[in-house]
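In the two assemblies presented below, chain A is common to both, partnered first by chain B and then by chain C.
Take a look at the complex of A and B:
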C-alpha cells in the first residue's frame, strides 16, 4: 500500500462511480453526454494554447542543448550530427528521432555495482513499452474518428483494417486497444514495483495511468463484452461535433463512464505532465543547435553597461602616461 | 511562467505549430461542417415485417448480432449443431444465408446502412453472398 497510488486509484474509481451513477441512476445524461464534453474540449484547446504561449514567452537567451555526443569543433574531428546537432537540419533530425522514436529513452541504461566494478546494463523495456503505449494510443484515437466523422474517412478505414488484421472474433479484435491497456499496465506496475521508481513517483504520475487504463478497459468492455448500441453512440458523438447534440435511447451507462473519463483526461491535460505532447517541441535542451563555439549569443535583455575600453582610456590619458614614462600603444 | 513579459519568442514557428495542433484537434468539427447527425434509417423487407420478431429482441440484435453470428459459426463448424433455440423456445437454423438473409434480403438497405455508418467491414460477405439459399 502506498498513499500516492491509492490516492490516484481512489480518485479514478470515484470518477467512474460518479459518471455511472450520474448517467444511469440520476438520469443526468444531458449533463454527462453533452455539457461535460463541450466544456472538456474547450478547456483542452484553450488550456493547451495558453500553456504553449506561456512557454513561448519564456526567454531562452543561451544555447542549452543536452549534448549526447561529440560537439562540432575542429574540422578534422568528426562530430555527432543528431546527438549534438550543429545545424538546423541536425536539430530537425534530432527532434524527429525524439518525437517519433523516443531517442532519449532508448539511451536508458541500468546502473549496477558488482563488487568493485560499476556496470551499465542494457535496459530497453521502458523505451519499448513507452513507444508501444504512445503509438497504440495514437492508433486508438485515430480509429475513434469513426464516431466523429461521417462519412468515415478512408485513412480511418485503412487503419482499422490494419489494426484488425488478425480477424479474430466478432467484432474483430483491434490490436491497438489491447496494446494500449497492456502497455499502460506495464508502465503502472513499473512505478509500483521498482523501489527506485516508486520513490520518485507522485500521485500526478499514477493518476493519468489509472485514468488511461480505465478508459482502455471501459472501451474494451463496450466493444467485446457488455456491448452498447454503436449506431446510437455515433448519433450522440456526431451530434456533438455538428453542434446538434442529442441523447439517443439505448446508450448504456458504461458509455457515459468511458466518455466522462476521456473528458476528465482532456480537462486534466493542459495542467499536468501530459502537456509533454506540446512541451517536447518547446524543450530548449532538444530544439537548439549546439553552436555556442561558432556563434555568439548575446542575452537580449542585457543592461546597456557603459564601458570604457583601453583604447579610449589611452586616448584620454596619453599625454600624462608619456609624461610619467608609462608605455603606450600609439606614439604620442 | 513570466507574466510581465509579452514577447513571443520564435513567433512564426510557435504559431505555425499551434495552428497545426488546432486544425488536427478540431478535425471532427470542420470535417462534418454543415452535415446532420441523424442515424441511418433501416428498411425492413415485407418478409421481415411479417415475421415481426427476429431471432432475439431488437435491442439485443442491434447490439450483439455479431456475437450471436460468431457463436453460430463456431457451433455449426465445430460441433455440427445446426439448431439454435432462443429464449422464446423457438428453434432456428443457425445460418446467415438461410435464416438471417432470408428475411433481411435487402443488404444495401439493411445491413450496409449501419455498417457503413459505423465503419464496420465484416468479412461475412466474402462468402455469404449466395442469398437466398446455400446448398444443404
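Take a look at the complex of A and C:
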C-alpha cells in the first residue's frame, strides 16, 4: 500500500462515480454531456497556449545543445549529423527522431553491480512500452475523429482498417485501444514495483496513468460489452462540434463516464507534466545546432559586467613584471 | 583518504535500495567527507558577492540574511524569466526515471537524492509550491513544498554533489539537463553567500591575477622557466616561450593547473615542445599571456555573470596583443565555456580573423565566429597533413586508454580528434567499454569545482564508475596509462587511480605527443618527459650512433 498511488486511484474512482451517478441518477446529462466538454476544451486550448507562450517569453540566452556525438570540426572528419547537428536540417532530423522514435530513451541503460564489477545493460522496455503507449494514444485519438466529422475522413477509415485488421468477432477489435491500456498498465506497474521509480513518483504521476487506464477500459467496455448506441453518440458529438448540442436518447451512463474522464484529462493537461508534449519541442539541449563557434548566438539580455582590466592588472604588478622581463604597456 | 575503507569494502557497502521514508520527509544529513568548506568571506568580498560571512555547513545556524526567502524567491522568478531552459525543465519532467541511474554520484553513493531527477525535484518542489497554480491548489499532493531552512540546506548539499557533467541529459527523453538546474541553483545560493571555498577563492584569484592559483605574472614566468630547464635536460634543446608578446600570430590559453602540479606539468611541457618544434620547422609564432593565464573558469560554477567576468580576459588580451586567433589547451569546462558561452557573452570579435592553420592552410570554419581552436583540432590537422615527425615507438611502454571529459564530450562533441591524435602517437590504444566513453562518458567525480580535499569520500565514490571501467581495461589489456584532455582530470584522476587502480597512471594527450615528437637538434632521449627510462630504448639508438 502506498498513499501516493492510493490517493490517485481513489481520485479517479470518485470521478467515475461522480459522473456515473450524475448522468444516470441525478439526470445531469446536459451538464456532463454539453457543459463540461465545452469547458474542458476551452481550458485545454487556453491553458496549452498560455503555457507555450509562457515558455516562449523566456529567451534562450545561450546555445547549449547536449552533444551526443562527434562535432563538425575538420573537413575530413565525419561528424554525427543528428546527434550533434551542425545544420538546421540536422536539428529538424534530431527533433523528428526524438519525437517520433524517442531517440534518447532508446539509449537507456540499466546499471547493475555484480560484485566488484559495474555494468550497464541496454534497457529497452521503457522505450518500447512508452513508444507503444504514445502511438496507441495517437491512433486512438485519430480514430475518434469519426465521431466529430461527417463524412468520416478517408484517413480515419484507412487507419481503422489497419488498426482493426485482426477480426476477432463483431465488432472488430481495435488493437490500439488494447495496446493503450496494456502499455499504460505496464507503465503503472513499473512505477509501483521498481523501487527507484516508486521512490521518485508523486501522486501526480499516478493520477494520469489511472485516468488513462480508466478511459481506455471504459471505452473498451462500451464497444465490446455494453454495446453503446454509436449512432446516438455521434449525434451528441457532432452536435458539440457544430455548436448545436443535443442530448440524444439511449446513451448510457458509461458513455458519460468515458467522456467525463477525457474532459478531466483535458483540463488537467496544461497544468501538469503532460505538457511535455509541447515542452519537448522547446528544450534547448535538443532543438539547437551545435555550431556555436561558427555562428554567434545572441543573448537578448546580455549586459555589461565589471571586469578586471589589463590596465588595472599591470598597475598592480608592473614592477614585478618589469623585473621578470615581461613586456609592459607603460614604462616603469 | 585515510578515513576511507579499502576499495573492496567501499564497493561491498554500496546499497542502491531507496529508504522507506519519502524523500520529502527525510531531513538532510550533511556528512563529513561529502561536502566542501564554506567560502572565505574575503574571497567573496573581493569579487563583490553579497552576504559574505563566516559560516559552517554542519552548524545549525547558517547566519542567513533575514529576508533570505524573499531573496531566493525573487532570484528564482528572475531566472525563470531569463532562461527558457530552467522554465521548461521545471515543468516537463515526467519522472520516468531514465536518468536515475546515469549519475556517477548516485552509482557511487547510492544516495537517492543523487539521482538527477531527485536533485532537480529538490528545486522543482519549491517551484511547484511557489509558482504554479496546481501546486498552490494541491500542495504536497502535487509534489510541492514550501522553502524552509532544511530545504535550503538540502539544496546546498546536493547542488554541490553534482559535477554538472550532463550525462543525465543524454538519456532524458526531453533533454532535461540537471547540470543546467544545478548551475541555476548554485546561482541562487550565491545570492545568499552560500558558495564553497574551493570555488570562491579560485574565482577571486583569477579575477585578480588572471589565474585560479593566484600566480602573479613574474611567478608564472618563473614556473614556465623551470619547465624550460627540465626540457633542456630531457630533450637537449632550449625552448623559448614568449609572454605577452604584441603582434604574435596566435595567443595560447590553457588552465593554470597544468603549470602547477604533476602530471599536468608534463602536459605543459608538451605544449612548449610542440610550439618550439613548430617554430623551428615552420616559423610558428605563438604567445602565452600572464593576464589571461587561466583557461578554466570557476565563475561557471558560480553564476553566469561571474563566468562572463572571468572569461572577458581572453578576448581583451587577444585584442590588446593584436593576435589573429586563439589556441586553447586541454581543459574540460574551459571548453564548454568557450564553445557554448564565450562568443555570446563577450563577442563579437571582429578584431580577429577566421582561424587558419598557418602551417597547413586549413581554415577552421567551425570556429569562424568565436575564433578559438582546440589544440586537439589543431594537432589532428597537423598530423593529417603530415607536418609532425612522430615516433610512436617512444610510447610503446604504455598501454593507453582515453577518458572523455564530460564537457568536451557532451558540451562540444570533441570525441574523435583526441583519438586520432593518440592513435598517431601511440601504438597501444584500448577503449573502455562502450557505455562509459564518448557521449556516455563518466565524470572523474571532481568536476565543477568539487576537487577539494575535504570532500574526498564524495570524490572517490563519484569516480567509481570511471575507475571501474579503467580497471576493466587494465585487467583485460594491461592498460597502464589513462589519458585525458582536461586539467581537472589531471588533478583528480591520479587521486582516483591511487585508490581504485594504483597500477594505472594519468597523462595529458599533449604529453604523449611530445614524447613521440622528434625535435630538431634533440640529443639522445632514453627517457620520457617525466625522466623515466624508456625500456629497451637506449640500446638501439646507441647502435645506430655507433654505426655512423
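As a working rule, the second predicted complex is superposed on the first by the 301 of 332 C-alpha atoms of A that agree within 3 Å, B and C clash if a C-alpha of one lies under 4 Å from a C-alpha of the other, contacts with A are read in each partner's own complex, and residues count from 1 in each chain.
Here is the rule we go by: contacts are C-beta pairs under 8 Å (C-beta built on N, C-alpha and C of every residue); 3 or more make two chains touch, one makes a residue touch a chain.
Everything quoted here is computed from the prediction, not taken from an experiment.
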In the superposition, chain B vs chain C on chain A residues touched: C
Partner chain(s) touched by A:229 [first = chain B, second = chain C, both, neither]: first
Chain B versus chain C as contact partner of A:49, first or second or both or neither: first
First, second, both or neither for A:292, with chain B first and chain C second: second
Residues on chain A lying within both footprints (that of chain B and that of chain C): 54-60
Chain A-facing residues of chain C, complex: 8, 11, 14, 16-18, 22-23, 48, 80-89, 91-98, 100-102, 107, 112, 115, 117-118, 121, 132-134, 138, 141-143, 166, 169-177, 180, 207-210, 216-218, 221-222, 243-246, 290-291, 304-305, 308-309, 312-313, 316-317, 320, 338-341, 343-345, 347-348, 362, 364-370, 372, 374, 377, 380-381, 384, 409-417, 420, 433, 435-436, 438-440, 464-465, 468-469, 472
Touch list for chain A against partner chain B, complex: 44-45, 48-49, 52-60, 145-153, 156-157, 160-161, 167, 169-172, 227-232, 234-235, 238-239, 241-242, 244, 246, 248, 250, 278, 281
Residue numbers on chain B that touch chain A, as the complex places them: 1-2, 5-11, 14, 17-18, 21-22, 25-29, 31-33, 35-40, 59, 62-64, 66-67, 69-70, 114, 116-123
In the complex with chain C, residue positions of chain A that touch it: 7, 51, 54-64, 66-77, 79-80, 83-84, 86, 98, 102, 104-105, 107-111, 113, 115-118, 120, 126, 130, 194-205, 271-273, 275-276, 279-280, 282-286, 290-299, 301-302, 305-310, 313-314, 316-317, 320-321, 323-327
